[in-house]
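Input: structures, listed below.
The same chain A turns up in both complexes below, where it pairs with chain B and then with chain C.
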Partner chain A sequence: MNNERYRGTLKNLIRRREFGIFIIIIVVMVLVGLRNPTFFTSDNWKDMLMYVSILAFISIGQMMTIVTGGIDLSVGSVVALSGMSVGIIMRDNPALPPLVLILLGTIFGLGCGIINGLLIGKGKVHPLITTLATMSIYRGLVVVVSRSRWVVYGDITKGFRLIARGNILGINNLMFVAIIIAGASYYFLNHTRKGREIFAYGDHQDAAKFVGINSTRINILVYALSGMLAGFGGVLWVSRVHTAQANTALGYEMQTIASCVIGGVSIFGGVGSVFGVLLGTLLFGIILNALELIGIVDFWKLSVQGFVILVAVIFDAVLSHRVAEQMRKQRRVFDAE
Partner chain B sequence: MRSEKEKSRGSSLSDMLKSWEFTIFALLIAVFILNLILSPDLFRIANLFDATLTFTEKSILTLPMTLLIISGVIDISIASISAMSGVILGVCYKAGMAIGYAVVIGLAVGLAAGILNGLIITRLKIPSIVVTLAMMLFYRGIGYVLLGDTAVRDLPERFGLLGGAYSVTSIPIQFMIFIILAVIFGLVLHRTRFGRLIYIVGNNENTARYSGIPVDNIRLILCGVTGLIAGLSGVLLTSRIGSARPDIALGNEMAVITICLLGGVYIFGGKGSIIGVVIAALMIGYVRYGLSILNVQEQVIRIFTGGLLIIALLIPTIAARLKTSARYPEGGV
Partner chain C sequence: MDKLLSLKKIVKHFTGTLALSEVDFDLRRGEIHALVGENGAGKSTLIKIITGIYQPDSGQMLVEGENAIFPDARASYDHGIAAIYQEASLFEDLSIAENIYMGHQEIRPLTRNIKWKALYNKAQDLIKSLEVNLNPRALVKSLSIAEKQLVEIIKALSANAKILIMDEPTASLTKEEIDYLFRIARKLRAEGTGIIFISHRLEEVFDIADRVTVIRDGKKVGTLSKEQLEVDELVRMMVGKNLKTLYPKEDVKIGEPLLRVENLSRAGEFNNVSFELKRGEILGMAGLVGAGRTEVARTIFGVAAPESGKVYLEGKEIAIENSGRAMELGIAYLSESRGEYGLVLQMDITQNITIPILRRFARFGWINRVEERDTAKRFFDLLDIRATGLEQKVESLSGGNQQKVSIAKWLAMNAKILILDEPTKGIDIATKAAVHKLMSDLAGEGKAILMISSEIPEIIGMSDRIIVMNEGRLVSEIKRGEATQEKVLTAALGEKGK
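Up next, the complex of A and B:
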């Protein structure tokens, strides 16, 4: 009874939060639109949505790690490493079909993710410190792999460019892919046993252990998925921007984390929804886009990102402390009855 | 806790051989010998000390970080605080302030940033790792907002002495600062009541709270001190490279945490010693020095330090498996 009520409140809270983000998105859009009408042009929206699409599915991978109570700081480096490796393979073998390249990039990402997962799951090392280390290792590997020679516009084959520019059913490929991945993740997280185990593990690690959830496997699974999505994203990234450099996607991990915390994923683990992350990504994308349109240059981006993450985290913490307090009071009433 | 104490005071040789401090000291000697083989010039005392110039800014940061991690908190915004302090120092000087006052402002900025971190961590009860992750971006961004991609270059020569000059004999001033700070931090941690409290807080936060120990205030003080030293590190670095820039000290937080963990500090708090960390700082410093003599790229050195960090992290797990089936506690920092 008690527990049901708790679940109910939690669900309500998440829904209310998603609605809140939706309202904020509309307010921000109107404000930015008033300030600079080019915001509403279809070209601007297309560019922004293409950016948001890649961010969205990498953020969904990030969300899975945060839901377990961990974090994956290496996604930006994995994007760069996968993008650079694929770019070089393409430069050396222009005849390779784009699908093979996509597959290769995804496998590279999966490999990086499995390494993270093994260290965290089997090595029992703190996720943040582990991925802080692998972030710098993978980033260093980008330079080693490239031998300090970047992949430039001329190296990109026409077929490869079409990955990002092409359409499926009238929708841009990137958006199409993001929607498919979001749908699959929603099904996986909410309607499969493994998916529910991820949430159970993040909600209460000890309790999860007692009901027989294998923590090692859960950790390997979420970091492998996060790495895989980042690797896949890396290929699409290079196809979108037509270059692969040493500093490709530098600091990208922070954007995925920001999207998650804005979207209501709790940094304490156990709470989060795919839909929330999609909204969070959209809001974050609009904020980044707005900064550019209003003429606030790159230099502000870092501070704004940090500030947005901080505000979302504080909001989240205050809210969850309050919910916990409420629960305690309710329980007292129940006990009295 | 007790065993740690016995270990450091233990007189029997076998205890000493087993201790982590001894292992890491042996590694330091090995690194020295390798370096000497690579470049016999290092053998001159002057060169030996010159080499420290490249890593002292990081080394001084490992000292407060050790105390902080032992108390169960971590700060990954330190490198950004260093950069912000350096930039604000430069901006103040450019605005016509005397360099002495600008340095004081730079240090004050570091202290303020540390206290702000501490307040958010302790008062709002948010995991330190997440708070400082956001602050890492925020502080770094402030540097960029103030200077963009420009730099303040015409800092006075007098100021440059702080980071590059030598005091008595051939010991650089920076290294002197490191040694003095190491002694102070060592005494505070190992010989005062406050130091004991840090261990208790890190060992079991709840027990400490129930015993009436001001857990939050202790952590707040440590966060403030860490910020202050991060500011000092930024000032020294700015002085050494001779210009205030927003992109300095990138990745220093990882280097500093690596050194702390290699020095035997337990990532989940409650264990560690200053002497171990000092030896680890020297070891990593000379490893990097040796690699740079070999003309190894900076990015490759970062792969190397990242790898070392992972090895340092795996040590407790492996040691636990080897020793007994006793499990290490899992949980957040």
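Up next, the complex of A and C:
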């Protein structure tokens, strides 16, 4: 029946999109490499991949919220809050093992996420408004918690520094962690009931309610996960940059959203893939890295970010319009045979 | 106890209106029971009570002998009552199989992961049991409306629904698809499922129903069995009076061509379409769903651009870049789909009717509300729109009444050329006759009407000329006196009819 072809067309399309991003990645890499061969040095790649790894798993958290039709604007602030809090605890308790610090950061993030989840799931406040508010609130708490005394290089213990610098099985810790989280997320979202319910809910809230999907629980779940990943990322962030300040990860949420959008996550919900987000994050990271290497001022980074999001969204709109047209033209009257 | 469902003396009020007044209704095992009545008569309300969306103010409801008044839709679903509406409630980006089993997919006990193979196989089995041809892995968004409704039925099956409610399921289906749907309904009936079937198309009701219950103004007028069914009696019960004629076509002097379309083409939609539309004429455009009629109409209206061909208005060639231009030129288009009626749901009836013509009541930007209201009222009365008043928000009107508001809007625009795409689809008998009379009157005033319809009796009854489209091509032109059902149908079917 024709359906085979349609499913094929759509699956094909997602594959093609991911393939497309892959090609763009290659192209950008070549272009940047030509302009500045430093791009290809292992030091540069190590740095970039460390940055990208953290962005990747926090973007996966973001993806889950976007797939439900919402969004989490507070992730940047959660990264900062968790990073700052853990940094201070580390400074005052240098003997604490790094793993405990990681756990603490993750719990702080989880707490922030649950608050978001409750406001959105139980309070029925719109995700955009909620996370916009908590974005500011959590950011404000960063200053309060630090009492205006940032965490600086001297405060970082050796063990803490190793969180970001160390290796497991030969791969940098951050990359390793990103891969594990990506794998787990893939499994969760594609092979468990709850994961599928997240997509169903994002696709059609009313129909979801009808099959017993609890909207409150789904919301609490995705925002808690997003917050938890951001909190976890916060600790790793501070370990990587050796500092925690009031403006740590300022505007970071935009980067996660950009990564998701490039990776094919639909703003309307119901559509998204972990692999796509990984590719999107990689591309975004490469672009950022490229900007630095080409010598573009920080100032422009923000514009480029926005530009990239715009391009990705327009591309998607045009593409889905074409697909819809194609499908409509191909669709024959249901064959009664 | 072969009564699956039994409602006794159901009463339901809404603020200001008595929606249902002591209504009795019952459904037997293995029966297809049709529910008919005008728009706003109370059918939807009754169904919503059965499915638990509303609760009755008083009265009794028994499901298989047990008292059951459901607090919400989910509760009724859990008790074996499934409903299928025109708008499917499916997850578009997920596969058919996932849609069927969402929320209760089989999982492996230890790892909690979904057993995909089992999922697709079970779905395939259900699909096979209905003897249809669908791929369980297909994404729902790739399906046609008919196929989506099939998926809804399959969902109901998987939930072991004993009572299936079909609310206007055939509205967007082709003849073939309707036959298919009925075949499945009969199969389910044979297995003991009770089906409540709501439709405005009396010929379908005659075709499929074992019993028919008529609701009028919130009261049950009566129930007829298959043997007792007879058009006049049924219509009398629905409307309360005998309808002399459904197709009040008057003889109107037909003038010179107002619109001429020459070799219009759009790849994938229609090819080399040429015809004329004269003043005072009702031109019926027949054809199967998908023949390209709506596409032609939309191109004339400026929604889509023609790839080749010309359009002439009053002899002069025109280019219609967008619908705004079309409206300026006096072309109006009533879409067949409710979502495209162009209604602003949160606004009231008056506002919706007058939106395109506000300039008429606005001097220096100030809207004269009295004039506005008077104009709206004229059409409100003309079309007998059932509402609490002109101030009622359109979103709370029934589908049929929303359509009336949309028609009113176009009429208020005084368009010269009216393209009506399935104007009486989903409309009850009485209003149908009113719309037809209106069309006749408008033709009498010199307007040119292009009526797209899939109801052959309507085409034959109302058109001065009939043009038939088949797979994108205009294959036949038939004059009023010579038109027969066979001629039109054969042309519409094209080669398949031979």
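Points worth noting:
Here is the rule we go by: the second predicted complex is superposed on the first by the 313 of 337 C-alpha atoms of A that agree within 3 Å, B and C clash if a C-alpha of one lies under 4 Å from a C-alpha of the other, contacts with A are read in each partner's own complex, and residues count from 1 in each chain.
Criterion: a contact is a pair of C-beta atoms (placed from the backbone, for glycine too) under 8 Å apart; a residue touches a chain by one contact, two chains touch by 3 or more.
Note that the structure is predicted; figures quoted are calculated from it, not measured.
With both complexes superposed, B is the one of chain B and chain C in contact with more chain A residues. Contact with chain C, but none with chain B, is seen for A:Ile213 once the two complexes are overlaid on the shared chain.
Of the two partner chains placed around the shared chain by superposition, chain B is the only one that A:Ile257 touches, whereas chain C remains out of contact.
Looking at the shared chain after the overlay, A:Leu310 reaches chain B, while chain C stays out of its contact range. Of the two partner chains placed by superposition, A:Ile180 touches none, neither chain B nor chain C.
Within the complex formed with chain B, the residues of chain A that make contact are 69, 71, 119, 123-126, 128-130, 132-137, 139-144, 205, 246, 251, 254, 257, 267-268, 297-307, 309-310, 313-314, 317-318, 321.
Within the complex, the chain C residues that touch chain A are 73-74, 77, 89-95, 98, 102-103, 105, 107, 112-114, 116, 133-135, 137-139, 141-144, 146-147, 174, 176-177, 179-180, 268-269, 288-290. Those residues of chain A lying in contact with chain C across their complex are 1, 3-4, 6-7, 9-10, 187, 191-193, 196-197, 199-200, 203-204, 206-213, 270-271, 327, 329, 331-337.
The touching residues of chain B, when paired with chain A in their complex, are 76, 120, 124-127, 129-131, 133-142, 144-145, 148-149, 251, 253-254, 257-258, 261, 267-268, 297, 299-300, 302-303, 305-307, 309-310, 313-314, 317, 328, 330-333.
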